[in-house]
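Note sheet for the following structure.
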Amino acid sequence: MNRADSFGGSCPVPLGDQPCIKLAHGGGGRLMQQLIEEVFIAAFDNAVLRGGHDGAILDLQNGRTVVTTDSFVVRPLFFPGGDIGTLAINGTVNDLAMCGAKPLFLTSSFILEEGLEIETLWRVVQSMRKAADAAGVLIVTGDTKVVERGHGDGIYINTTGIGCVDHSLFVSPPRIATGDTILVSGDIGRHGMAVMGTREGLAFTTQIESDCAPLWSTVEALLEAGLEIHCLRDATRGGLCSVLNELAQDASLQFDVVENDVPVMPNVRGACEVLGLDVLQVACEGRFVAILPKNESVLALEILKAQNEFAAMIGHVSSAQAGLVTLQTPIGSQRILDMPAGELLPRIC
Amino acid sequence: MNRADSFGGSCPVPLGDQPCIKLAHGGGGRLMQQLIEEVFIAAFDNAVLRGGHDGAILDLQNGRTVVTTDSFVVRPLFFPGGDIGTLAINGTVNDLAMCGAKPLFLTSSFILEEGLEIETLWRVVQSMRKAADAAGVLIVTGDTKVVERGHGDGIYINTTGIGCVDHSLFVSPPRIATGDTILVSGDIGRHGMAVMGTREGLAFTTQIESDCAPLWSTVEALLEAGLEIHCLRDATRGGLCSVLNELAQDASLQFDVVENDVPVMPNVRGACEVLGLDVLQVACEGRFVAILPKNESVLALEILKAQNEFAAMIGHVSSAQAGLVTLQTPIGSQRILDMPAGELLPRIC
Amino acid sequence: MKYIDEYRDPQSTRKYAEAIAQLVTRPWTIMEVCGGQTHSIVRFGIQDLLPDEIELVHGPGCPVCVTPVDMVDKAIEIASYSDVIFCSFGDMMRVPGSKSDLTRVRARGGDLRAVYTPLDAVKIAAANPQKQVVFFAVGFETTAPANAMAVYLAKKQGLKNFSVLVSHVLVPPAMKAILSSPDNTVQGFLAAGHVCTVMGTHAYTSLADTYHVPIVVTGFEPLDILQGIYMCVRQLEDGSATVENQYERAVQDDGNTQAQDLIEKVFRVIPRKWRGIGTIPESGWALSDEYSSFDAQQRFKLAEAATEEHTECLSGKVLQGLKKPADCPAFGVTCTPENPLGATMVSGEGACAAYYRYRKERVV
Amino acid sequence: MKYIDEYRDPQSTRKYAEAIAQLVTRPWTIMEVCGGQTHSIVRFGIQDLLPDEIELVHGPGCPVCVTPVDMVDKAIEIASYSDVIFCSFGDMMRVPGSKSDLTRVRARGGDLRAVYTPLDAVKIAAANPQKQVVFFAVGFETTAPANAMAVYLAKKQGLKNFSVLVSHVLVPPAMKAILSSPDNTVQGFLAAGHVCTVMGTHAYTSLADTYHVPIVVTGFEPLDILQGIYMCVRQLEDGSATVENQYERAVQDDGNTQAQDLIEKVFRVIPRKWRGIGTIPESGWALSDEYSSFDAQQRFKLAEAATEEHTECLSGKVLQGLKKPADCPAFGVTCTPENPLGATMVSGEGACAAYYRYRKERVV
Amino acid sequence: MCLAVPGEIISISGEDALTRTGQVRYGGSVREACLAFVPEAAVGDYILVHAGVAISVLQEDAAQRTFRALEDLK
Amino acid sequence: MCLAVPGEIISISGEDALTRTGQVRYGGSVREACLAFVPEAAVGDYILVHAGVAISVLQEDAAQRTFRALEDLK
């Protein structure tokens, strides 16, 4: 059903029979996809939004300007390898980079919970400044709201980023072509496991460090090498699994991925086995998928490896079945790699 | 003390002896001003941010592009005359208009609380679409996060707006000059009282409708008339009182305002008397202050009145004491109109 | 608004101001007793209109200002309990106790509610039977009918989860304390109109006689205050010392006898500690025996603690007319409305806050 | 990772697959009892490697799938109480009861916690003495040592605020029920390796004899499962029917006797209802008399209610090997992992969910 | 202290003397007030309300005296 | 059902048989497990852990049999 037809009518109770928003609606999986398609896109419907990429390429007077937005709500605020401040900068910088845009300016907007210690805010803000400097962006305007105790979680941050495309490539899903190689920029799953490891009842004695990092310099290196990049996408909520499914759908092509080629650190792998989690569904915050012509993939991998030695080619694009992602298992068989369902719950029994 | 000097050091416990964020830090008054100056501006320090206006004028390749951001956290979500959705669009559209920029694009980012009814979200999103259409802006990209129950308040929305300045005026506080006339675009205080009137224990039998409205068309009319607008600012949190103080400070000039000339509806006035509130401190969401040369003020008022019959000239700019706002009282005496302290609490005894 | 707008008319107020100027022959010090009057004086810049000879000093008539620190500490303790909904008039929420204030309790998770009337606190109690609902019943005589009614209704409705933390004070004993001080400089009083609306004017006759001081029962609008000052100056210049009623439209000599009946049922007179001033005999109300089961102090078994007041703060002296806010070295420096040291800097009717917000010394 | 990686080696697995193909002469239907085995089969695409003659059917060995609707409803009721912290294994939280599920209780404000071990629920109880902490003690024999230990420790620590909602089931009676069904098609079993780790293999001897069915105690890695199938097919082709142990590295014939001792102390055998299947005699554990004070059903005085199961859902038949998920008309249409109708669509080890996530029918 | 605001009674309900309430208009806004202590108050009267409770009925004629006194000043 | 994962014991603490616990390494991550039911387990042993509780000590020699059987297949 085309929800755009029903303006002004009552809500057609979308999303199955679930009258309530649940955590799964924000988990990067199918429920979230449904929510976005059936509510937000249906209501806001316009050509730029329908472009479907993480950021919007705007037709301003001259050149191509890119804008992207994200709110950050991580618990806890500080985790091994980063905090909500680093995340808020890198997350938006990375969304710009994924559009092939050089990050220029950020806005930052805070929702603070009454009772938050200013010392805590200060530490977060310092992290933001450091991350912004490292990424070469300016935070150019902002906003602050305070909500009553029990209606926030210390700090929520929205950052909106503006960047520019100063090359002639269109880096976006429709450019993906049969025969392309799929690369990943480093080992996956560290951010999600770093955060999960801070939770009561799910903690390990050893710590996993988040992979949170800015990606523009890596993308810039790819661009400067003159590579014909077809598409880039950072693997955040929903992990590599979600990104591959989204891109295969948007490109209307099949992706074939080899599980054993996906780089995973031993500590992440062990923790995932113990908690019964599929590492392909675990969030990263500093890793991306790059898709480009096969004949350029060796050079691309070389450039990626210069930044992260664990970067790897993990699969290729075919035209067999639009939107399908297959996984070659460690024992050599093939299966479907489906979109994750929603909230990542430890599977124990 | 210049906070920018102390990067990396511990938080110097700013803002008096208050180690906790309190509601007053978001109340549009001095505490919020301190928070912004001593924490955010100190940390993010750069020339564009230091411009100090609500939106940032960016030096993009060509022309002047304006970006502004705001998060919306109103309780309740629906109030007489609007909802969080209308507010989220109009608020950001208005911040662009206040920079003299034609609003073009918005981003929207949602923080949803687990347990929110999708029907509710649907209604809000519909309001946003309607308001965006009315303001002639496109929502071009977005984001959704879901937080656990007890860590949100149904819906929080961030909108970030991008607009363009297609005239040669610089509409900003430094342009304000001695002798300028201060106008207000309509009756004040309705939004704040509309929201307060929904609270248990503070409700009236009669309802006050919020003044929530987009302001670009009014600003456009002023620009098209060729008026030499010096400054515009919408009166939101902290009300007219806050805006006048901010602008007088930023312009380093004295503002002299006549209390009896400030338009207030009888229902707003009555409710303020009963609750002991100063209507000059009560929030609006569709009213602005315009400051321009005296010889253009009659024409400007005419244009404002065509949109809202209660628009009025309320004072003028002088050079007596930088940053001071004085109020001529109803009995003809003069007093200081100071910045509000923070949270607006009903004063009963 | 009728009974408001006509009392803010610039011509009328100027006429009274001119009449006062014509009348006055030498300096007079007059205290407006009530914080609401202080608020009007500064909000409307009334001092500006008066001849230099008239000095207005601001009295102890703001319940927010005179509630003692230990009572605020008790409120903070009760409000911190997890099963309590603590209701209060809005401006009581920012008054500093010895270590904290009620808004900080809220920031740490306490359930605090600003209400317009204690009757709403009773409604909240009825709607939340699993919670203890406590109302912070501060106030002068004016607020006593509302607070008495709240307790009366709670008893009538059989509410077991409602109680009040009472810190009620009485005006005439405080005026007596000021007049009997060896340092007293006050020569005439504008008595608190709304207090008299409830209790009448008789209590002031013996004060006027004993201390030979004119007392004019006065309203709250600019015209009321100017007329009150005029009447007071006329007596001072004449050398007379009687009780006059400027606020006839609202105040009967007997006061509101229906209200007095319920007050007598619900409350009993006790000695009361005033913030910054100390204990004054027979200057407060507590719950009568019949209603003592609604006493939050008993219900929560609060211990009495001797709490120290901020030594730097001169608010006690300000409240007695012995000092002006600007005499305080902390005023506007370490003590501001955002970060008040004393209660007089908190309430919109507190002398220090009123002076700070509308301070004329900065106006050229 | 040792004991994992070598059992996922492609050469070794292919060798076993080829050996099976060489061995098999006619069609055989083999049930892997345990949901964990089902998970491995679909996750590693094992069916792909097998000859067409071998049909694997998925057994009832997933506690998430077999916990009856009325027990889920009880969990939902307890979790809804405002003074309760309800702890559960993560995947139990999405199992549909008759009207709701535990994640919806959380969305309405319930305090739900996903824990990795019941021992953490005991820690949560010790840390929250003002709350009732309840653990949803579901599971087969494998989970019984952990659940028994939780209750044992809670008693030892004198915790008055900890209890367990027990829905423990036993594998051998379920296998017996499948074998004694007139519709049974299962010719050989891969018995659940981890269950046998705890309880040993003796219980299966009489089943193998009585029903003349080969039973191979099998592990969970691809190589384990292929070897288990190989051993099972060898028996089937030979016409023999004994209990064999593929999972020797983890399973002793006597099982873990220390664990059995504590289980015997804490639990007693009872008849138990299985979701979609019905009541099976002597197929479950409840708390023994000595530990009955830790029973959440008693502590919260829950009434027994006859709840209806979803009629459309074939999960009961799927669990008995009588149907495959794809036979269900709801599969992938109205029933998906995001919106499951039956428990077999919820758990990662539930046959329907496993088929849905890794469904090979869509792979060309 | 004691912010009390004059308002006009526009309706009255409740029989019992101690539970009598009224709708009271202040400028353009209306709110309920307790009328227990002003048994003589009728619709159209102006009352002084403090913390939700009427404490006095305003006397029109007495109010005029302030303005008459003003004329006497000249 | 019954996700049980093999891990290596890297340290042991607690004297009482029923409260014995160990730090167990899985790949590169370490977590505490209850060792009450594997009294024979020592540092360096691999155990199977389910829901935080060790249920079995893995037998190296028995493990080899799977691979020896594999060789016999050829």
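Labels A, B, C, D, E and F are assigned to the chains in the order they are written; within every chain, residues are numbered from 1.
The rule is short, and it goes like this: a contact is a pair of C-beta atoms (placed from the backbone, for glycine too) under 8 Å apart; a residue touches a chain by one contact, two chains touch by 3 or more.
It should be emphasised that the depicted structure is a prediction, and the values quoted were computed from it without experimental measurement.
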Item to check | Count of contact steps on the shortest path from chain A to chain F | outcome: 1
Item to check | Farthest-lying chain, centroid of Cα atoms versus that of chain F | outcome: E
Next on the checklist: Comparing the two chain pairs, does A-C have more C-beta contacts than B-E, or is it the other way round?
Outcome noted: B-E
Checklist outcome for this item: Whole-Å distance, C-alpha centre of chain E to that of chain F, is 83
Checklist entry - Approximately how many whole Å separate the CA-defined centres of chain C and chain D? => result 71
Checklist entry - What whole-number Å value describes the gap between the mean CA coordinates of chain B and chain C? => result 35
Checklist entry - What parts of chain F, by residue number, touch at least two of the other chains? => result 1-3, 26-27, 50-51
Item to check | Touching two or more other chains - residue numbers and ranges from chain A | outcome: 18, 20-23, 114-115, 148, 150, 266, 269-270, 273-274, 276, 347-349
Checklist entry - Residues of chain D that touch two or more other chains: which are they? => result 1, 4, 63-64, 89, 106-108, 116-117, 120, 139-140, 142-143, 349
Checklist entry - Which pairs of chains touch each other? => result A-B, A-C, A-D, A-F, B-C, B-D, B-E, C-E, D-F
Next on the checklist: Under the definition above, what is the set of chain F residues touching chain A in their complex?
Outcome noted: 1-3, 5, 7, 23, 25-32, 49-51
Checklist outcome for this item: The answer for chain B against chain A in the complex is residues 7-8, 10-11, 13-15, 18-23, 25-27, 32, 35-36, 39-40, 43-44, 46, 48-49, 54-56, 58, 60-63, 65, 67-73, 75, 104-105, 107-119, 121-123, 125-126, 128-129, 132, 138-148, 150-153, 156, 158, 160, 162, 164
Item to check | chain C residues within the chain B interface of the complex | outcome: 1, 4, 8-10, 13-14, 42-46, 48-49, 63-64, 87, 89-91, 93-94, 103-104, 106-108, 113-117, 120, 124, 138-140, 142-143, 222, 336-339, 347-349, 356-360, 362-364
Next on the checklist: Show me the residue ranges of chain D that touch chain B in the complex, using the header's touch definition.
Outcome noted: 106-109
Item to check | Sites on chain B touched by chain C in the complex | outcome: 16-18, 20-24, 29-31, 200-202, 266, 269-270, 273-276, 320-321, 324, 326, 329-336, 338, 341-343, 345-349
